[in-house]
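Notes follow the structure.
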């Protein structure tokens, strides 16, 4: 169990999907039950990971290692090699939880082609988990790409009116980034070979050689990776696929998209960009450029969502703003910033996921997301209104709810890196309150003006059940985040250490100086014995 | 009187080749185009024979025989297909063969 | 030590009440709701009293703070999660759920729980006939929880929890009547304006931690007082100013005061509790709490003083002409808060806190009284339709009269002592420019007296202007409402005596009690060359000064004059009575009546809710611009790339077809005649065209080779 | 090969005897023939592991050849499986079909194994002529006739040019054996005009056969017109054979001239990717679309060839480029055949089924096939874990290793375009509503064909190790072109 738990968690959903294939297509409820059981099962079997991980949270390096660096495709040095650290651990738990919730939430939302829907969803689940678990670049890339297909189909088949446009845009946009990233990966792979005469995709191995790439080359590699991840996040100029994808996607799709898929970009930054190119990311120019994009994203996203007329679009743009915070924290390049960023990624998964569920519930009842259609909902659906309020508050970062912890830690990191950054990020917090409260006022306050809204029924038990875990998590992280900080401490500090060791303090001057030869030698020695 | 060297053969062959190419490009009748292709192949044969003479081995001649055979086979197949085509379309003009395009 | 060690329970009682309301409230009877919520506050109050007593024993005079850390809230708690301070050293990122009790917080603790309790009791009567009864009390309890957290926090971040919490509750309570659009708008306004302040606050706290390496008040004060930092240290100044931005938001100072008047949309007890007695004084509390930092930043101090004075007079001027009884009180609150900040700004922290203390009682009383009036008038709030209520609702009348005397600063009511102290300190703290501040404060005192007595006369004395059905509904409020009024009235008389000044032979106990918190500032102030009035030791020496008596007399005179003016103007105000200011200068009246058009200006410039001609400025304007940019430019580029690809494809494959069709339209004859034979080659789908391309390719290779 | 020929003739004879409704016998016979041939190949392989040279030093049965032989046989087998039902529908059920199929395979084998230009040329023509006929096999279909005619004219033309180049090489080397030609050429100055003309004309022939721009235009027409099963067969087997020939001649024989031909290849590669991808974007006919896509794939493979041409033998770039091409061909065989198999199965009584609209709502009509088609399309687009990614991986790797970052990023852009038009098909299948709703009836053979190809695509994608190993094995020889002892084998 201990040695294979990752594989079990990883393939449980896929197994579910295969099992689902044998359920007759006509019997929709059976399909729903099976899918939900497997989704819940997928979540439950990931629970034992928590105590196991907690026991060794301070141990350095990756844990629960599985497979070797070349047990899969020896001839190219790719291996089925899994392992997690604090960062991936949190994201994995988030994925399993959200996977279950979103499958539960689509019980009534999906009426046609039910079977495929759940099959693709479970496949998607496996793909996402794989991305967070892979310790082998080849494996990572396979999961990274494989996961696009189900998402594409979820948007394309069960999406809204402009689903085709949105789906293709999503697929092409992401593929562009990922192929550029592939080129970067291949270069690292080749570079590792030139140094050590070993062909391997093992990420821990590449950690050793990648920082030795001279700056003038590393910068291009960084750009290749950066575009790949920035599109996924999405960061400011690359974000336009997100609103379309969100608006067209079915509710559960949006939940997963916002909750997990976007995190892959940020995860990529943390896991790859920083440790691979410490010299580049710590170069003042590069850093300030990326930070500038993040800050633009924060304010820009908030401003745009302020003026949206479509609820879902509003939430989508708010994600742009929130993820701006995440990237800001990452590229502050210090412990507080990174910790806060990862925490904020989890928080964003929880609260924005919930927001999409909320929008979805109204949409299911009224089949419109136009804000002007609503008003005074809190009189007809009081419970719904309450839950919405809680989630809005958590999303706008109210203390004692999860959002604040992440945002504040990020701001702390940003401030200690450069106080101006924090100062620029602060308006984002204000605007967040502005657009969310305004939305709340327009939808929930006032009197019921639209007769269609008078008959709306309040949340069903199933819908309540989808929110309960999210609210619990929000309160937990808000009230007692200490465990999360402890889980993140070791990996974050390690990354910061790497950057600190490899960054040359007066970068612009001797950034282009090749690193001395002896590290190469040492590496070669390492490889030989 | 100038002795005739391999170069002369080559030039003649090249001329034949070009003629064949031009024929392929310009003639409208499929049969004529097939004949122009024969022309090209004959240029090849001429080359081969001249060279085999120059080197004094038989590879070239063997090759040229094979090519002749091949030319015949191609012509046969070509004519067969052309007949099938003619049945359907009542023409042998290449510029009316434009069903498949873009 | 039981109570001290379990001090964290104090906020938890109301939190518990709120939780009950949240989960089961809908099903509960009104009586149960009362029992739970009011009970929670009563328990909290008693607990607080015992805690305070225990604290006095614990500190026995030295005023040493008591600190109780429950658990590590932010941070990993094992000291490995660090951040780099400004000087490059590492500091651990840490914010505890820890509670601090010292004289300052104990004062707040007592009057917040006390006044809170009274207002809860009052509300049981006032809200008796309102819908969403449980919701109201749930919110109120939640507010008490936040406020107590704010008071008892031992670090800036936990304080921020309460800080945002009270903001949230005021949002919820202002928007209590959410059917009214005006209410929800006012609620949003309050929250967002507060959010602006909060941003400043957070940045200030971050600055402090970045500079001093901690969020704990204890650490920061010790460091700030260690003398390592020069007076006027730029970073500390910046931090102080940022914190003050937060205070401006919470305590409704210029330029962020705009939300408070609108906040009157909430039920009256809410106005009394949140927007008069407790929440709005949080800013004062926070500044007083950070006195060690502020005192090192003279610039910040000056800013505080000036902003305070301006707010005081500005709000008072608006209050002169308002007709909505609650709005008058709201502006008077803003103005009084201005007083408090003026006091803080001139270094008279104790005086400022003292004014907060007294103000809590009489302003709460005024609001509750006005609530009782509105209750009696069955919802009417416009003073133009009132009058002659003194016999109809006697208790309300005399309690409110006491409060008016107090706020006007009539001896020996509470307001007199605190306000007088502030004015005196302002006068004495520094020469020159500060005398202007004194004058401003003095003028404000005059206005205060005027508009308060205007309110009294219009409401209680002048001939009745009520409509008839209203008139015979008028009735005195139930006991649950009047009793708190009486208690508060007593406090409004007595509270001031706690700090009977030396000059009148008293022994300012209140200040003595606070001394340990501020004493060091006195020293610093002296170093700055000011006369350290509030260094208690010096006091006797100071009081040989005659001016204090003069000023006292002057302020009394001002109060009297204001009273007189109001009496002459409004005692006999009949229907559509004349407004004296309007008669003197209509334009000025108009400006004041429209609150100096500040809201409109903000709507034009900052929010963008009003369009300036065709253009929309402010946040919404920016939003529109951004969304346009997003749709047209960024996404436009993306789509254009796609479009171009498609276009190229179409051209590359369909152009020939197009040519042929085009020519086909013109007739194949022309084609045949004009360009008979090369055109045929051009026609796509022709074998020879393919062959030609092949040959062209071959030749192209040759050319390319030669050319290379 | 011999045994295949026998089988081919045998089928012709049987065909005369069997009555109309027993025609499927031919298919069975052909299939047995292919299986038997595979058996023999395996026997040869085990008999002479090092490889052997026969037919008077004109035929070199090395691992390289054997690899390709297996490829051809597999393709032929799948094609046969696909054909049976299709031909019924077309009412063109004749033994010649299978005979020609087998004969063309024989030709391919000669091309793959020949090291003497004569033999290579004969093989080429044998293959080509059989395919001309196969393309025109639907005698009543005008499109088929036209395709065949065009293909024949252009094919003959190109082989003429090709032969001209070969003749010049013979003139230079004095021998038709590639090994001698290599020796002679390396002695020559690579910029000798005759040599260059010879090279260019030869390359014209080669590039025509692999259908690279600007010698590609026959392909879309021929693919569209030909019987779908043949289209599939051509698009993989013929192409593979052409590549084998190209590698034999350019890498084995004319390697000393690579400084001359690589720049040309660069141009061709870019032109091919550009032209094909853009042309494919707006196609409405599935077969034609796939035709252009296959041309685009040729462009990608040419990129790998460029990487080889610009790097020394023995460097990882060279090896990976070579591997890339072979693996690409291997993978491509399965995924493309699979795709065409699905299209073939769309040919129903009244529908031709090669328009994009015929794909609409395929999911509702045949879910399994739609799913597998999706797999093939993703594989063609190079999305892991489908096999296609492996080829892309090697090509990009070789480009990176040989430092062609520009070409690599070009490849990136074009693979995006590629994804776009593959998605067009996928959208039609999965998202659009079906035009007619009756379920698709799929024959057993077709099921086998689709299943096998899908299985291969998926397995190679998920566990590519065996494929890579086999390619390495087959390249063990091509890498080291040093002369080896000649052991004639009698057969």
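Labels A, B, C and D are assigned to the chains in the order they are written; within every chain, residues are numbered from 1.
Everything below uses one rule, namely that a residue touches a chain if its C-beta (ideal position, glycine included) is under 8 Å from a C-beta of that chain, and two chains touch if they have at least 3 such contacts.
It should be emphasised that the depicted structure is a prediction, and the values quoted were computed from it without experimental measurement.
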item	value
Fewest hops from subunit A to subunit B - one hop per pair of touching chains	2
Contact-richer chain pair [A-D vs A-C]	A-C
Farthest-lying chain, centroid of Cα atoms versus that of subunit B	C
Most centrally placed chain, judged by C-alpha centres	A
Whole-Å separation of chain centres (CA-atom averages), subunit A against subunit D	42
Distance from the mean Cα position of subunit C to that of subunit A, given in whole angstrom	36
Whole-Å gap separating subunit B and subunit D, where each centre is the average of the chain's CA atoms	26
Inter-centroid spacing, subunit D versus subunit C (mean Cα positions, whole Å)	76
Overlap residues in subunit B, where contacts from two or more other chains coincide	24, 33, 94, 97, 99-101
Touching two or more other chains - residue numbers and ranges from subunit D	149-150, 153, 157, 161, 221, 420
Subunit A residues counted as touching two or more neighbouring chains	172
Each pair of chains that touches, named by its two labels	A-C, A-D, B-C, B-D, C-D
Of all residues in subunit A, those that touch subunit D in their complex	72-76, 116, 141-142, 145-146, 148-149, 152-153, 156-157, 163-164, 168, 171-172, 175-176, 179-180, 182-183, 186-187, 189-190, 193
Residues of subunit D that touch subunit C when the two form their complex	149-150, 153-154, 157-158, 161, 196-197, 200-201, 203-204, 208, 214-215, 217-218, 221, 260, 263-264, 267, 275, 278-283, 417, 420
In the complex with subunit D, residue positions of subunit B that touch it	6, 10, 17, 20, 24, 30, 33-34, 37, 40-41, 43-44, 47-48, 50-52, 54-55, 57, 59-60, 62-63, 66-67, 70, 73-74, 77-78, 80-82, 84-85, 87-89, 94, 97, 99-101
In the complex, subunit C residues that touch subunit B	653-654, 656-657, 680-681, 683-688, 691-692, 695
Interfacial residue positions of subunit D with respect to subunit A in the complex	316, 363, 374, 378, 383-385, 389, 393, 396-397, 400-401, 405, 408-409, 412, 415-416, 419-420, 423, 427, 430-431, 463-465, 468-469, 472
